[in-house]
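Across the two complexes that follow, subunit A remains constant while its partner is subunit B and subsequently subunit C.
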Partner chain A sequence: MNNLQKNKLIDNAFKTIGILFTYLGILILAILLYKIIAAGSSRINWDFLTSLPSRKPEKAGIYTAILGTLDLMMLTIIISIPIGIGAGIYLEEYAKKTKLTTLLEINIANLAGVPSIIYGLLGLGIFVRFFNFGGSILSGALTLSLLILPIIIVATREAIKAVPSSLKEASFALGATKWQTIQKVVLPSSFGGILTGIILAMSRAIGETAPLIVVGAMAYVPFVPHSVFDTFSVLPMQIFTWTTRPKAGFAIAASGAIIILLILTFVMNGVAVYFRNKWQKKLGN
Partner chain B sequence: MKLKEKIIELILQFFASITILTTVGIIAVLLFESITFFRSVSIIDFFTDTQWTPLYSEKHFGILALVSGTVLTSVIAISVALPIGLTIAIYLNMYASKEFKKTLKPFLEILAAVPTVVYGFFALSIVTPFLQSIYPNLETFNSLSAGIVMGIMIIPFVSSLSEDALSAVPKSLKEASFGMGATKFQTAFKVMVPAASSGITVSVILAISRAIGETMIVAIAAGQQATFTFNPTVPIQTITSYIVQVSMGDAPQGSIEYRTIFAAGLTLFVFTFILNSFSFYIKKKYQEKYE
Partner chain C sequence: MTTTTKNRKIEKIPQENILDNASKISIKEMDIWYGAFHAIKEVSMKINPNTVTAFIGPSGCGKSTFLRLFNRMNDYIESFHFDGKIKIDGKNIYGKKTNIEELRKKVGMVFQKPNPFPKSIFENVAYGLRIQGIKDKKIIAERVENSLKQVALWEEVKNDLKKSALALSGGQQQRLCIARTLAVQPSVILMDEPTSALDPISTASIEDLIFKLKEKYTIIIVTHNMQQASRISDYTAFFYMGNLVEYNKTELIFTKPEKKQTENYISGKFG
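Coming up: the complex of A and B.
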């Protein structure tokens, strides 16, 4: 075998490994989904969605966990969206290239890399103890809001950056003020990109478990929360507690809850990708 | 009108500064509780003792027992994610067609979007039994299974960041190599990977940082035994899963058990902060290399 043949052989061998590894990820995803659906689909019915958690695995449901997740997400949206978009607008449209701005940017990049459990400790120290909100929905939502803020800010900045400057200049030429231009021109044309970022941030928040455990989400909540100061559980928390129980029936219940959580996560991601594609087409790139 | 514009700017500025307050808050909370902790525990013991037993009657506070678990699971995760992730990146950049890349990307994104608690369940109830069928001495809770699943979780992270780095290499370099008669494989490993090495390094450092901060997979699948060991088949505990264990129990506020999670958290924060800053430094230093 000469050198040329040898090189070709190595090249083809690597190509095959590349294909194999690439499909490996998809294969693992398929195995994971198949095993979980096979184990949990028998539990998916109306009773499972509307029953309270229970000591008996075959009777246990995810009613309070789902309501907790919905409440927590709603409150997180209300808190994080105005702050995230506002901060993004400030950095892109107002902030001058000063040392302080550079510090803000480095800090946001760094925050995105802080482990989520550290945010849990922050929430425990500040919201649960210092402000005395206790292990409540409010503490959980504030903690998650800080956690996803970097994602929303970065997405907002990217979306605003993509708005053609000619649009802004036209608005200024008509005598509009800076805020009028942002409100009437910049935000409407960057809406798709911002929305994509928000949905992706929410899909991250809905699967978070660790920071909520630290903040004090409960393993067992047998009542429906009525105010933002009530204790709560969420879907991932319910999955975690069921996973750690030795009784076999709880593994099945956990699989059922995972199916619901994955549906929520995948739908959100799908919607985000849809908006992203639509928006990118609109911008013409 | 002018006043209204000024007020809006101030509000937006305040929103942006909340990110600074977050960092200050994290450092303040971790330091405040840790300083009280180190009043009753010697800092030398903390870093040299190899036993971690704050929840037992005979208390030891050697963080090394948790650090070893954290390092062990992270090393396993990176040894899975780096070769697979980098190979995928090279394959997508050098061999695959544009259409294939476009159809594949959403699947890799899904892999990255699966909540970590689901990966934890996957590790404990599917991967561990599978590994036990090959190696029966593997315990139910072990770092091998948790590390492998964590590695799978990080693959999309490594592959997409490394692919970005490879795409940033100027086309002329690639074409020059092909022009010399090099195969794609030779071009990939002799030209592209060295040229993109800083970007690939950044992706690896960020992946390590992600691995040491990962919580739910290890909390579910790796056990709750803080042991100073590098044996991947026995139960261990990481810094993160210790924080979870204490949070799930009811350590009263102000007790030494309660304060240990902040001291452990501070250790974790310092590790990830160093890694993130290092990757930021490399990125800044080499960013303009080809511009």
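Coming up: the complex of A and C.
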């Protein structure tokens, strides 16, 4: 076998291995989805979505958990997006390169990798106890915001960095101030990248359980939250509780809730991806 | 050090001889550094209103750096510092009271590579007006149309004003960028190698345009292309290694250069 044939063989081998690994990942995901849907689809109906949790598995529903998740996500978005994008803009466009900002940058990147339970403990100490918000939606949203802020900040910075400096120069040369340039040139051009970061961050937040348990999310909430200071439950919390129950019916209910959580995640991501693509088309890229 | 001081003395140019009316821009003993790098060495010059002045010289001679002094685009480079005086319309543009945004409305700039915003053709030209807070739709539409007519782009795009500027050809994009600059109604236009990324036909149309624009504007153009400098400029300044070697009427620079260095450069012996 000469060198040429050998190289070709190695080339093909890598290609095959690559394809194999790709399909392996998808296959495992497909098996998981299949098992969940097979186990839980029988429970999914209007009653399941609109019933309160119950001790009897066949009567239990996820109404409060869904509303809790939606409320929590909404509040988390409201809190974390302005702060995250603002911090990203500041670090990328305004902050002078000093030792302090370098330290800040490294730490923000590191924070994205801190285990979520740590954020839960932080939230418990600061929001639940110190500010006395209790185990409320507000405490949960603030804690989740802390958790996803590093992701949004890093994504914002990367997106802003990708805006060609020639565009910024063009804006400055026409007499624009820094803020006008950020507002009219930098942000519109980096919107797609920022939105991608937000999608990632939201997908992480919607599935979080551990920090919310610490902060005080309830497994059993028999009423719909009316204000940000009410106690709450969320879907992952509900799933977690049900899977720990001995009655077989709860395992089915948990599978049903997982399907709903997946659907929520897909819809949320889908909407964000739709807006991102629409935006990019508008910009003409 | 002694040799450079000597050179400077030799290279001094009798400015009075070539300037016959009040100057638009005057620069006195300007030095520019990037960190420790001495990019421009004690350059003095005056530029007349309604003329085209070309800055020529080999890459790295400091001509673009010098040009960016005029609208303070060097301000964003952290290691940049300078020593000297530069006045436009008699006003020190690096004074404490100078409003950079106001300065840049008066001193527009066209860049080497066309850099339209990823917005519509109309919005590109309207950009400078919108940031000034002009809201009157009639005024904006009028100025956009006028600016596009001045760069001879109106006929080509008048039905596509809402289309993305990125869909235009390179030459059209550069004319759009000039129109965008004109819309702000500057009196000085700086051009940093505006045709180096364009094909010959687009280059010719931009050159025609520059020739027409000098009726209303003072134009300073950095170029690598000596034919271009000789075709369109009234005055030419030759820079070499941060020094202003020779500055004179373009026809004199290209027919009877006073310095050997200038002659060598324009005849293609180095550069």
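Basically, the second predicted complex is superposed on the first by the 242 of 285 C-alpha atoms of A that agree within 3 Å, B and C clash if a C-alpha of one lies under 4 Å from a C-alpha of the other, contacts with A are read in each partner's own complex, and residues count from 1 in each chain.
Just so it is clear, a contact is a pair of C-beta atoms (placed from the backbone, for glycine too) under 8 Å apart; a residue touches a chain by one contact, two chains touch by 3 or more.
Because the structure is a prediction, the values reported are computed rather than measured.
Visitor: Fit or clash for subunit B plus subunit C once both are placed on subunit A?
Guide: Superposition result for subunit B and subunit C: fit.
Visitor: How wide is the angle at subunit A between subunit B and subunit C, using CA centres, rounded to the nearest 10°?
Guide: 110
Visitor: Considering only the touch criterion stated at the top, classify A:V185 as touching first (subunit B), second (subunit C), both, or neither.
Guide: A:V185: touches subunit C, not subunit B.
Visitor: Quick one: is A:K278 in contact with subunit B, with subunit C, with both, or with neither? Answer first, second, both or neither.
Guide: neither
Visitor: Please indicate which partner A:N269 is in contact with in the superposed arrangement: first for subunit B, second for subunit C, both, or neither.
Guide: It touches subunit B, and subunit C stays clear.
Visitor: Should A:K247 be classified as contacting the first partner (subunit B), the second (subunit C), both, or neither?
Guide: neither
Visitor: What is the contact status of A:L111 with respect to subunit B (first) and subunit C (second): first, second, both, or neither?
Guide: First partner only.
Visitor: Of the partners subunit B and subunit C, which touch A:K35 in the superposed model: first, second, both, neither?
Guide: A:K35 sits against subunit B, while subunit C stays out of touch.
Visitor: By the touch definition at the top of the document, which applies to A:K56: first (subunit B), second (subunit C), both, or neither?
Guide: A:K56 contacts neither subunit B nor subunit C.
Visitor: Subunit A residues in contact: does subunit B have more, or subunit C?
Guide: Looking at subunit B versus subunit C, the one contacting more residues of subunit A is B.
Visitor: Which partner does A:L167 reach: the first (subunit B), the second (subunit C), both, or neither?
Guide: second
Visitor: Quick one: is A:T177 in contact with subunit B, with subunit C, with both, or with neither? Answer first, second, both or neither.
Guide: The answer is both, since A:T177 touches subunit B and subunit C.
Visitor: Determine the nearest approach in Å between the Cα atoms of subunit B and those of subunit C after overlaying the two structures.
Guide: Minimum over all C-alpha pairs of subunit B and subunit C: 10 Å.
Visitor: Same subunit A residues contacting subunit B and subunit C, which ones?
Guide: 177
Visitor: Considering only the defined contacts, which subunit A positions touch subunit C in the complex?
Guide: Residue list for subunit A touching subunit C: 97, 164, 166-167, 169-177, 180, 184-185, 188-189, 283-285.
Visitor: Any idea which subunit A residues touch subunit B in the complex?
Guide: Listed in rising order, the residues of subunit A that touch subunit B are 7-8, 10-11, 14-15, 17-19, 21-22, 24-26, 28-29, 31-32, 35-36, 82-84, 86-87, 89-91, 94-95, 103-104, 106-111, 113-122, 124-126, 129, 146, 149-150, 153, 177-179, 203, 206-210, 213-214, 216, 219, 236, 239-240, 243-244, 251, 254-255, 258, 261-262, 265-266, 269, 273.
Visitor: Show me the residue ranges of subunit B that touch subunit A in the complex, using the header's touch definition.
Guide: Checking each residue of subunit B against subunit A gives 1, 4-5, 8-9, 11-13, 15-20, 22-23, 25-26, 28-30, 32-33, 84, 87-88, 90-92, 95-96, 104, 106-111, 113-118, 120-122, 124-126, 152, 155-156, 183-186, 188, 206, 209-210, 212-216, 219-220, 240, 243-244, 247-248, 253, 261-262, 265, 268-269, 272-273, 275-277, 280.
Visitor: Going by the contact rule at the top, pick out the subunit C residues touching subunit A in the complex.
Guide: Going through subunit C, the ones touching subunit A are 71, 73, 76, 78, 101-102, 104-105, 108-109, 111, 113, 115-119, 127-128, 130-132, 164-167, 177, 180-181, 184.
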